[in-house]
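Next come two complexes, and both contain subunit A; in the first it sits with subunit B, in the second with subunit C.
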Partner chain A sequence: MTPTDLVDANLLRTMIVVATPLLVAALGELVLERAGILNLAIEGMVTLGAAAAFVVLFAMAGLTGGVALSLLSAATAATVVGLVLAYLCVGLRANQITVGLGLLIFSLGAASLLYRAVVGVTTSPPRVPTLTPEAVPGLAEIPYLGTVLFRHNLFVYAALLLVVPVWWLLFRTPLGLRIRATGENPKSADSLGLPVQRIRYGAVLAGSALIGLAGAFFPLVLTGGWSESTVGGRGWLALMLVIFGRWRPWQVVAGALLFAYVDAVGFVFAATSRLIPVQFLQMLPYVLAIAVLVQVYQRAQAPAALAKPYDREARY
Partner chain B sequence: MMKRLLLSLGVVLGLLLTACAPDPAARTDRETTEVTEATDPEATEPEATDPAETGTATEVPAATEETPVTDTETQDATPTDDAGDLADLAMVLPGTIQDADYNAVAHEALQTIAEERGIETAFSESVAVVDAERVAREYIDSGFGIVAFHGGQYLTIGLELAEEFPDTQFIVESSGELDSQPENVWNIGRLFYPGYYVLGVLAAEATTTGTVAFLGGIDIPDYKAGANAMFEGARSVDPEVELLFTFTGDQNDAVAGRQAAEALINQGADVLVLGVNNAIYGVAEAATSAADPVLVTSLYTDKRSLAEELFLTSMIFDFTGTYLEVLDEIAAGTTTGYIEMRPGSGVTLSEVYNVSDEVRSEVESAFAAVAEGTVEIEPQADEVTVP
Partner chain C sequence: MTELDASGALTPRGDADVEAASGPDGALGAPPGAARRQTVWADVRIYLGAVVVALVVNAVLLLAIGADPLVAYRQILSSSLGSVAALAQTLNRMTPLLLGSAAVAFAMRAGYVNLGVDGQIYGGAILATGTAFALYGLPAAVVLPAVLVAAILGGGTVALLPAVLRARRGVNELFTTVMLNFVAFYAADYLSTGPWTDPVAGEAISVPIGAEARLPGFLTGGGHIGILLALPLVVAMAWWLRRTRAGFEFRAVGGNPRAAQFGGVSLVATGVVALVVSGLVAGLAGGIEVTGVHRRLILGLTPNFGYMAVLIAVLARRSPLGAIPAAFGFAVLIVGSDSLQRSVGLPASAVFLFQAVVVLAVLYFEVRRGGVLAAVRGRVGR
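What follows is the complex of A and B.
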């Protein structure tokens, strides 16, 4: 392994592809958390989104509109779970940690059940065609940068650009201000006439849809298949990235790219060098995450009402 | 307020109950599949074309590997063969039977056992090691006379329970012969490395770049020995062939599989010999996305459907035949023994694709040599060493 391997174009290209589902899921979680709802079901919702996307595309093999319906299914499946989360946590003011963990187990089981119901038990693994990378005319031919940035499929471009509308919505629109207000001080927001419950419902549903779309990324772009381990803990990483990014969209993007880079470098090291034990390389991204989190969390500005049920009748 | 809280609690409990399937012995409404209704295999296995490629539509409640959830299905069957004194068989599985891999072939074996030996079979999916003892005890309490542990991670548990339940027959799977084992234990030794030697021969024959690689998941001794044997096989064909290897740390993480495969491909490897299970989805994606053709092999089942133009072959483990052999021994009164799965005995290669007839013939010769013992391979399981 040479220093140039660390900035290899293919390595950086892989970094972007692997960072994308983390980014989309983290942005979805960010929207929820900014409204004061902690979603511990995120890993299950990503897995369910992945399963829904896979089975729909599998069932619609060769039919036009399969990809669109697949994406819609992924978003819908996660949104349904989000609706239950919202009803329990916003409507009934249940403990968000308990509900989140319950829905996590439910979603993982539902994903597996959905797969078995559609695909069945077979010894011949099914696969769906992944989205074809689209070279951006004129830019894809640029040496180095063309490979890194301009040879991805549309989903990757859309996911990377998603940060702009999410940032704009949260920090440049009245609605974003209201969402953040319900996450910071729902009582004050309520006293100003804001419909706290409706805003939280909306944020949960919108965030859940994004989390489901992040799941669709796994079969549609990364693997072409689905198994219980497809997501492999990356939903939890997205949850961590929200803290890592201090609840700000651009920092979340930076965190996702950094994590994906360290992850990708670990695989290059493992394939080319025997100096570092493979187990250490495998834990490197998590060590980095912990190290950075310790620093970041000292200055973290979590929404003040995060994970706190809001009851307008309650005395604080 | 109280009403809402109770409703909330009820919904959460309902969700949890939906996700968690009941335990085997605690379950009174065990699902039963009458195998006798499907005496024509085509009726339930419409896609079946060879022993390694069957498709069934058995509906079983789902579970995931992440949760200590167990699912149970039993299969009653009218004997089509003399079952002798054979007791009913329960199997503990580490994953779900829909994995098209290690657990799917075990499910296939159970279906055949129920059909051909006329005994009731049951299984629990996604059983974590910490839950395996409880699940096995529940099966024993429920009257199952044979308990099989499908996976080397259950070996210690199987041996310990065998001491405690001398009247129950246990079947365990391991990496080879044990120093000692109770009188009511059959040990199935799964040897990977002899098959990997043959895959090494194939890899060296198939490469055009002169670089081949072993891609494993968890770096356990089985796969370390496999990688070393693969290297030995490759060098037996071409002493100059470049050898690479890597382990992802997970047998089923397809994204990690893809990243590891891309790293190896970027280093020039154009043949990837795999020691992973469902991680192959990501490897296949990396191979199909590569600028130049990259060939892959697989384990347990024929996975040609993932990348037809890039698939070489699969090392198939015939658990159906092996378990039937063990059960016949048990029926004959032999309650303990060791049976080895290796080339020539329960391990075969599926058809070799995407190579010339000449290469195919050489691979068949290498396989025969390993099976007959004319080529002997010493297992090197401590660490992977490029010769």
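What follows is the complex of A and C.
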């Protein structure tokens, strides 16, 4: 490993691919948290989304529409979990930490069961072909930048650009203002006539759908398969990214790229590095997350009502 | 916008309510006399209802993969409780669950959520294995206690960083403990595939520890005395929480940190004690797994037991004593579904789904009861 390897075009290209699921999941979580709901089930939802997407790709091998249907099933599976989360945490005002962890375990189990029900017991895990990267005509020929930026699949671009509608929704539309108001001060929002519970329900469902979509990127773009360790903590990293980005979409993008870079270093040098054991490279994103928490946490501006259930009849 | 206030925003809701409703000494939270009987009866109904819901949901899922639910349920019971050897296996599985959930429940009593039991178990396992290797060949009377103490310290070490970061920088322990799970996992991966690897196995498995570092057997069929270490420890934790002045102050912080601080309790010290003791107890679980079950460091020592431990602690209402039956129930499910894995090919982690349904159903019934009975109870303590 030499210093120039660290800015290698293929490494940076991998960084962008690895960043997509992190980014999409973090944007989903961002929507949820802006409405005041903390979703600790995110790792499970991503795993379930990945499993749902994979089984569709597996069952529809080669058929047209398989990719679209796999995205749909990933989003649906996570949204169902999100519905339970919304019902328990918004509707019934249960503790978001315990419900989140319950649904985390639930989703991990559901993902394995779904995989078993469709794929069955196999000696070697089946694989589906990952989406092929397509070169953007002309731009892909630019030396270096062409490799880094313009040789990706369409879905990778879609994921990166997703930040624009999310940012626009949250910060440039009346609905976004209402979502944020619900997460900052639900009582005020309620007194102004906003349907706090309905907004929270909507934010949880929309955010969960995005989190499920993030899962679909694992079989579609990254691994072509599914196992219980496919997601391997990247859902938790997405949760960290929201804090790292201080609940702002563009900062979340920057964070996703940073964490993806560190993750990609692990990927790329895993095979070649003799100097540093692979496991220390794989550890890096999590160590970085702790370091980031220490730096960012005290100045972080969380939505004021985050993880606090809203009871309109409670007296404070 | 306010700052993400670690003590307020992300601590479990209702700590103060629970503490207030159950009185200062209510580990299992019950007022005296007739009201107590009524509450206990309501609890029994909640837990039974949750188990029934889980049985029904799981039956549907078993049918979906083509297994007969009644046969499966009978197999779960017979493989986990049907013989002395089966019971020994269940107690083996129960031990880390009990220690982990007691650790989580303990920290929760002061208002801290330790999601890092998995990492702390690895920390304990790593230090235990290393100590066993270092003391190879010495008498068992020296080695075994040293190994277990090392395991305890290993768990505490992993919990120390979140404790210090919380105390010094206000970083929420939820996130740091989860991140350390992965750090500890990869550290164990490195050791068991690198310096300590068993070249014959070709997997993430270390060479075995010496016979002098092995936990004595208990019952038959591979059972070990871990449960006999865990139970007294858990009872001692419950006693400390309930009967000592320090334990009272500790719980006071969980009930109302501001009031406790005005009463002269140090929040920083309480937080460090809560998380580090939690880690020490979880670390012992790692040591017991290494010395009693696997006799080496392996990956997947206790898969996702840390999150299960949180669920058990919630089921047990943050009571170490309540964790005993809850951990036993979870262990029955784990051993039973391991045997289903062999017979009908049920994936090992399908058991998570069943456990999660039990917990979510309990949460559901509790919240519903809270809603329905809130008027009757007049919201005392709010």
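Basically, the second predicted complex is superposed on the first by the 299 of 316 C-alpha atoms of A that agree within 3 Å, B and C clash if a C-alpha of one lies under 4 Å from a C-alpha of the other, contacts with A are read in each partner's own complex, and residues count from 1 in each chain.
Keep this in mind: a residue touches a chain if its C-beta (ideal position, glycine included) is under 8 Å from a C-beta of that chain, and two chains touch if they have at least 3 such contacts.
Treat the numbers as computed from the prediction; the structure is a model and nothing was measured.
Undergrad: Subunit A superposed: clash or fit between subunit B and subunit C?
TA: Subunit B/subunit C on subunit A - steric clash.
Undergrad: For A:L192, is the partner it touches subunit B (first), subunit C (second), both, or none of the two (neither)?
TA: In the superposition, A:L192 touches no partner, neither subunit B nor subunit C.
Undergrad: Answer with first, second, both or neither: which of subunit B and subunit C does A:L139 touch in the superposed model?
TA: After superposition on chain A, A:L139 lies in contact with neither partner.
Undergrad: Tell me which partner A:L239 touches in the superposition: subunit B (first), subunit C (second), both or neither.
TA: In the superposition, A:L239 touches subunit C alone.
Undergrad: First (subunit B), second (subunit C), both or neither: which does A:L161 touch?
TA: Touch status of A:L161: no partner.
Undergrad: A:L175 contacts which: subunit B (first), subunit C (second), both, neither?
TA: Once the two structures are laid over each other on A, A:L175 reaches no partner at all.
Undergrad: Would you check which partner chain A:A61 touches, where first means subunit B only, second means subunit C only, and both and neither mean what they say?
TA: The answer is neither, since A:A61 touches no partner chain.
Undergrad: In the superposed arrangement, does A:A110 touch subunit B (first), subunit C (second), both or neither?
TA: The answer is both, since A:A110 touches subunit B and subunit C.
Undergrad: With both complexes overlaid on chain A, does A:Q279 touch subunit B (first), subunit C (second), both or neither?
TA: Touch partners of A:Q279: subunit B and subunit C.
Undergrad: Have a look at where A:G225 lands relative to subunit B and subunit C in the superposition and call it first, second, both or neither.
TA: Only subunit B; A:G225 stays clear of subunit C.
Undergrad: Which of these subunit C stretches, 2-10, 74-82, 128-136 or 164-172, gets into subunit B when the structures are overlaid?
TA: 74-82
Undergrad: Can you list the residues of subunit A that touch subunit B in one structure and subunit C in the other?
TA: 84, 88, 92-94, 98-99, 102-103, 105-106, 108-113, 115-117, 120-121, 228, 278-279, 282
Undergrad: Under the definition above, what is the set of subunit C residues touching subunit A in their complex?
TA: It comes out as residues 1-4, 6, 9-10, 12-14, 61, 64-65, 113, 115, 161, 165, 169-172, 174-176, 178-183, 186-187, 189-190, 193-194, 304, 307-308, 310-311, 314, 345-357, 359-360, 363-364, 367-368, 371, 382.
Undergrad: Name, in rising order, each residue of subunit A that touches subunit B in their complex.
TA: 8, 10-11, 14, 18, 47, 84, 87-88, 92-94, 98-99, 102-103, 105-106, 108-117, 119-127, 130, 133, 218, 222-230, 232, 234, 263-264, 267-268, 270-272, 278-279, 282
Undergrad: What residues of subunit A sit close enough to touch subunit C in their complex?
TA: 38, 40, 84, 88, 92-99, 101-106, 108-113, 115-117, 120-121, 184, 228, 233, 236, 239-240, 243, 277-280, 282-283, 286-287, 289-290, 293-294, 297-304, 306-309, 314-315
Undergrad: Looking at the complex, which residues from subunit B come into contact with subunit A?
TA: 4-5, 7-9, 11-12, 15-16, 18-20, 47, 52-67, 69, 95-101, 104-105, 107-108, 126, 213, 219, 244-250, 252-256, 258-260, 262-264, 266-267, 278-282, 284-285, 289, 301-303, 305-307
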